[in-house]
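Shared between the two complexes below is subunit A, which pairs with subunit B and subunit C, respectively.
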Partner chain A sequence: MGIWRPIATRAASLFLVLIAVLVLLVLSLGATGYSDRILTAIVGEEMRAVRTALAAQIKDPDELEAAVRTQQEELERSYGLDQPWTLRMPAMVARVLVLDLGEARTVRTTTGSNSVAEIILERLPPTMLLITTSLLITAAIGVAIGTWLSTRVGSRSDRIASWIAAVSNALPGWWSGIVLIFIFGFALRWLPTGGMYSTPPPTDPLARALDMVWHAILPILTLVLVSIGPSVYVVRTMTMSVAQEDHVTLARAKGMSGGSIARRHILRVAAPPIVTGLILGLAASLGGSILVETVFGWQGMGRLYYDAIAGTPDEALIVALTFMFTLLYVIARLILEILYVLLDPRVRTGGGRRGAA
Partner chain B sequence: MALLRGVLSSGVGRAGVALLLSLVVLSIGVVLTFPPGFGLTRWGDPAVWADNPKAVPPVWTNVLGGSAAEHRTLSIGAPVDVRQSGPAELRTWELPFAQGTGALPTFLSFTLGRVDYAGRPPSYRLLLVRPDGVEIPLVRDVVRGPRPGETGPYVRYADEPYRVLISSDPAVTEEAADALGAQYGVTIDPASLRGRPEVALFGVPDGAGGYTPLAGDYRFRLAFAFADPADVLAEAKVVLGGSVYGWAGTDTQGRDLMEGLLFGLPIALLIGISAAFVSTAIGTALGLISGFKGGRIDLLIQGAADIINNVPLLPLLIFMVFVLGSQLWLILLVLVAFSWPGLTITIRSMVLGLSTGSEVEAARALGASTGRILRKHIFPHTAPFVVTQMIFFVPGAILAEAGLSFLGLGDPSLPTWGQILEDGFRTGAVFLGYWWWVLGPGLALVITSVTFMLLAIALEPVVNPRLRGGDRG
Partner chain C sequence: MSPLTPAGETPVTDPAAPLLSVEGLAVEYTTARGVVRSVDGVSFTLKTGGEALGLIGESGSGKTSITSAVTRLLPRNGRVAEGRIVLAGEEVSRLSDEEFRKRIRWSRIAVVVQGAMASLNPVLRVGDQGTERLRADGVARRDAEARFAALLDRVGLPRGTEKRYPHELSGGMKQRAVIAMALTHDPQLLVLDEPTSALDVSIQAQIMNLLKELKRERGIGMLFITHDLGLASDLCDRVAVVYGGQIREIGGTDALLAGPRDPYTERLLASIPRIRSAEAPGFLPGAPPDLRVAIPGCRFAARCPLVFDRCRTEAPDLVTVGEGHDARCFLSADGPLPAVRG
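So, the complex of A and B:
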């Protein structure tokens, strides 16, 4: 019981976030006329099929035109195009929710499908791979270096670390990616300059997987590079402030070893805020992945976003992607919220501490 | 003031303040010297950059052991010779320059500025006079004549200078082949010089189809025949194209990247500081209200803050800018709309602590109004934190705009660093090795952001005593 209440509260509020974003998307689409354009495109797409079907049955051109027109009007009515966009909003929210947004303009899946939902589902795993790997690496390094630094506050290495954190925070990840491509891809020729596979991709599954890892090194390095500074800094600051609390002094006075103090009395207490730091890091990597994938030509959702904006914008894809990024973010936050509840007993009993903010 | 003293007491803070001062001075200089509408009338106008070498590295790469040709522009001064021949007047200008045995100019171009004439259009020729005495005609033409129905006096090339790219003129290769062939007694096939006449213009044929560079003092001679002594040539120049240019190199359109970098500075500061200021102001105000008023308003503000605080910023930013349009003020508006909540939540909790304190209680007992209590007894306690947060937010806003611009959503009328990077990336600067195109704007972004990060880091211990060297505040 104790665990479920806070989780349910957070889940409800995150669900509210999702709905709010959806409404925001649909509102701005409607008010700017984009939703009309998307729906008209869907109708046009369907009418092409209808016309060919009708043409096979009806020979007389006038009669055909009339039949096509009634069909078109019927379709437009079913999509709500005869009503103002304000009335269509609920239906549009539902469409976005299930990614029923018709077909993409030029992008196709590897199997040739142009359905927005299928394209996005195909691009999801590469993005997840990048984000989760870099997040785990960042967290591991952050905890290791951060706790080490917290025992040396004010030392030279601590000062250097805070400088590095500042620079890392000020570094646009995508630009660092370009610089890394320059150094390792272009000048030294050690690593591939972009893409997910070599051309042609290896056929053997193992070789293929290794090839992808090979191509993922630079993008992951980039994502880690820009988030490592803040991560180390958060862990350091959090552990440091816990290390100054009375129970740690007591433990020290009892003669406990440094290692077990760090594990049982410092990290255990500092864990929840560190998890919060991770959540914030995740937000940065989700956004950052759009730019980093663009730079590296990594065929995930981020690169898809860029392709949808560049050239002739593909509204349906843009809407779907914005929603998907929000959904991903909300899901990831929920997972971390659950972690938070498991880590911090105070949340379970409903006392003291506020939720992660 | 106490804040400033605190910042200046640390090395990080001093570095930050020094950087900030130089950035501000530099951007004031840019605002005062750059033309208004720089983005559209200069940066976005290919004609302005026509005479610049395309995609060449900065000049200082020469110091690192390069031997690139420097970029030279020779403009006419006073005529060296004015002669009457009948009613006409013959004026001659000379443009001397030295050419070493090193790198040849990458191209030659001749540009004619404003010409005024009363009746008959003037005719002109441009010659290259070499150290060995050979003279090679480069341009021979007549200023554009009157249009049907137009009456004198005529003004030509005033708005749009008349430009001839000498290097790609087939007539020049023939003239060069003739002149050099006669002087050195060899036959030269003009076709062998097509598109690259400079080797012959600045060299001596070795008889085997090759050329040895001829170093020495060269001159361009421009001779104008005016039908009326009152006719005027206001401006003319010859450009010897370089293979390096300026302090930051050029892009594939020949634009001087240094100008783009400089112009980007005040814009970046404007974006960062105004977005930071407005969102901090909103965040603080809402936090104060929310914490002090409580009740339904509190619930509403905190609900909104919680929602906005939990959306992934960049995807929504991209979406909103895409839908609303990419004018700079819209980008700023969207940025502000999504970035106030974090501060609101923190300020609220600070206010909750303060409003039960004895200071506020005393003020209330003395009959102070809500506004007065907020202004005089609550806000001052949060102010140092607010200032730190504001500074902390500046790089975030600058980098967010740069990211949007990099995705092609930047304001097209104002070139920013992000847009220069986007240009470079789309052109394939990375794979063509045009490093100067990518490093410059990126470093500019990093330096500007680091400046504010340093200030924020220096402020943190001042604001949060707990971080002050280990003692518990």
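So, the complex of A and C:
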């Protein structure tokens, strides 16, 4: 009926984005030899243990070497190192696509499982808490201050806001995080400096939740700090340009009240680009969360991603997390596309047939 | 929200008074480079019973500022510096903004703004935009919709147009929809700011015919802004030629077009190209005056083909040259203007 076709087209193109990201991931891990190096290192480490164990049983050096070689070949086969990456990695990606995420080598859940899917399920909620809360705060402040500023373009407050917006946009999240930790954690001692819970964590569920919120304040503040400027500025600029359109003059000539003009004729019309800005901001904060979570020791997906790359490299985790981050981004984009179609009738193709006699 | 104009309340009207009387209007804009008085001492009246006055002039002549003062739609940096605006005997220029909004806007003065193509809200259905003021006034949804549907029908739009979005309509249909909207409260005065400037010629003719019919059948007074003398003569009973924030000449359309008594009007008429005529259209060199600078003499002197010494030092006043026909030139009182070469 006009609404579904544009959404389906966008969904298809977003699925292609997902595939493209995975292809690039395979290329960057495989073609650079990174994947081979990770696996060789793992095999090498396991072989040291195997060799010690074998050496205790087999005394003859030649026999020992032969046994070690068979063991090593077996291990290499089990990790797929006997095949080139071009054969090994596509199979891995295909498994990831159907959410068969494999097993992590070093990371475990709190209950001890090494299933990547379970690890991610455990790490996803803390990340979503940070990202959605900071997005909502950014959106609320952005719309409130942005619309207010749009009525006083060129004033002193507008100029100050533009300046702050530029600074906020330029601030790196990890740096702001460190500065905030320094101010509120060390200098003032108002807020915890990192982690998700106090040590020892409270046992009462409510107290535990409150403790987590208490620890979330600084990371959320950091994410808001780096996204609030662009958000205010986008809202201000969009509402300002819509406010100058002819239909707003006509609404004023009609004698509509100021509130009705602001809501129906300005904000409602400016909504699609504003929502776009916010959701693209969410995509940016997905990336930013990796560093912010690392700085704050926040046990979310971002921290996990950092550990999977910078700690003991874990290919299964890297692939699975890249997939999950892309999936989150693609889902956010799809929500955006749906909102856009709902908010802006001009995007609906062939929507005009409904009213026609 | 309470009804804004309770049913049965009769507007303050004086039957003897003209529909609209603008007296000594001056409009000033505060700009980065000082205050610009873009309308200076403009006075005119509009009779009751469906008189249409055309305001003609180049871009920047001040014609839109005049009507924006009447409709209180001046941009934020503009203000009425002097003068009175009297609507059917009531001095509306003294009303507070809120009172003006509730009692005058749309219910008594409706507007068809410039740039018809963009004058509808792109994300609301035509019907929602047409009925929103009625709804704000407390009219039941069904009644408001019925009323607007009848008006859409009157302006010649197909049934179901109210359910459409603006982007689904052609330019001509949009302008008809805007005109239908302007009629929801049966206004006494309709201000039309270049209502056909964005339309192609055949659609323009249709819209002009519609306006003429509405004027005749409803007796709506009209202020019609245009730079097109042909359109003005088609619709308007009287015409005011505006230049440099002043009225140069005002009079009955036929008399004024047949015998302009101001050189600016004369040049404006001469600049209309004529089909099947060997005569090249007259050319009016230069641009309208910069109103930030005080002009001691006649504001048209710099471009006037008939200019003489007195024009540069002394500002001419409007003089009556015929019945309801005034012109602003030292030569106006002497009868028809001398011929201009070129």
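Operating definition for what follows: the second predicted complex is superposed on the first by the 285 of 357 C-alpha atoms of A that agree within 3 Å, B and C clash if a C-alpha of one lies under 4 Å from a C-alpha of the other, contacts with A are read in each partner's own complex, and residues count from 1 in each chain.
Please note the rule applied: a residue touches a chain if its C-beta (ideal position, glycine included) is under 8 Å from a C-beta of that chain, and two chains touch if they have at least 3 such contacts.
The model shown is predicted, which means the values in this text are computed figures rather than measured ones.
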{"item": "Which superposed partner A:345 touches (first subunit B, second subunit C, both, neither)", "value": "second"}
{"item": "First (subunit B), second (subunit C), both or neither touched by A:124", "value": "neither"}
{"item": "Partner chain in contact with A:251 - subunit B first, subunit C second, else both or neither", "value": "second"}
{"item": "Subunit B versus subunit C as contact partner of A:21, first or second or both or neither", "value": "first"}
{"item": "Greater subunit A contact set [subunit C / subunit B]", "value": "B"}
{"item": "Partner chain(s) touched by A:171 [first = subunit B, second = subunit C, both, neither]", "value": "first"}
{"item": "Contacts of A:322 with subunit B and subunit C, given as first, second, both or neither", "value": "first"}
{"item": "First, second, both or neither for A:50, with subunit B first and subunit C second", "value": "neither"}
{"item": "Subunit C-contacting residues of subunit A that also contact subunit B", "value": "354, 357"}
{"item": "Partner subunit B, residues of subunit A touching it in the complex", "value": "13-14, 16-17, 20-21, 24-25, 28-29, 32, 34, 153-154, 162-163, 166-167, 169-172, 174-175, 178-179, 181-182, 185-186, 193, 237, 241, 244, 283, 286-288, 290-291, 294-295, 305-306, 309-310, 313, 318-319, 321-322, 325-326, 328-330, 333, 354, 357"}
{"item": "Subunit C - residues contacting subunit A, complex", "value": "4, 71, 73, 101-102, 104-107, 110-111, 113-115, 118-125, 132-133, 136, 158-165, 167-168, 178, 181"}
{"item": "Interfacial residue positions of subunit A with respect to subunit C in the complex", "value": "245-247, 249-257, 260, 264-265, 268-269, 271, 343-346, 351-352, 354-357"}
{"item": "Subunit B residues touching subunit A - in the complex, by the definition given at the top", "value": "12, 306-307, 309-316, 318-320, 322-324, 342, 345, 349, 395, 399, 402-403, 406-409, 421, 425, 430-431, 433, 435, 438-439, 442, 445-446, 449-450, 452-454, 457, 466-467, 469-470, 472"}
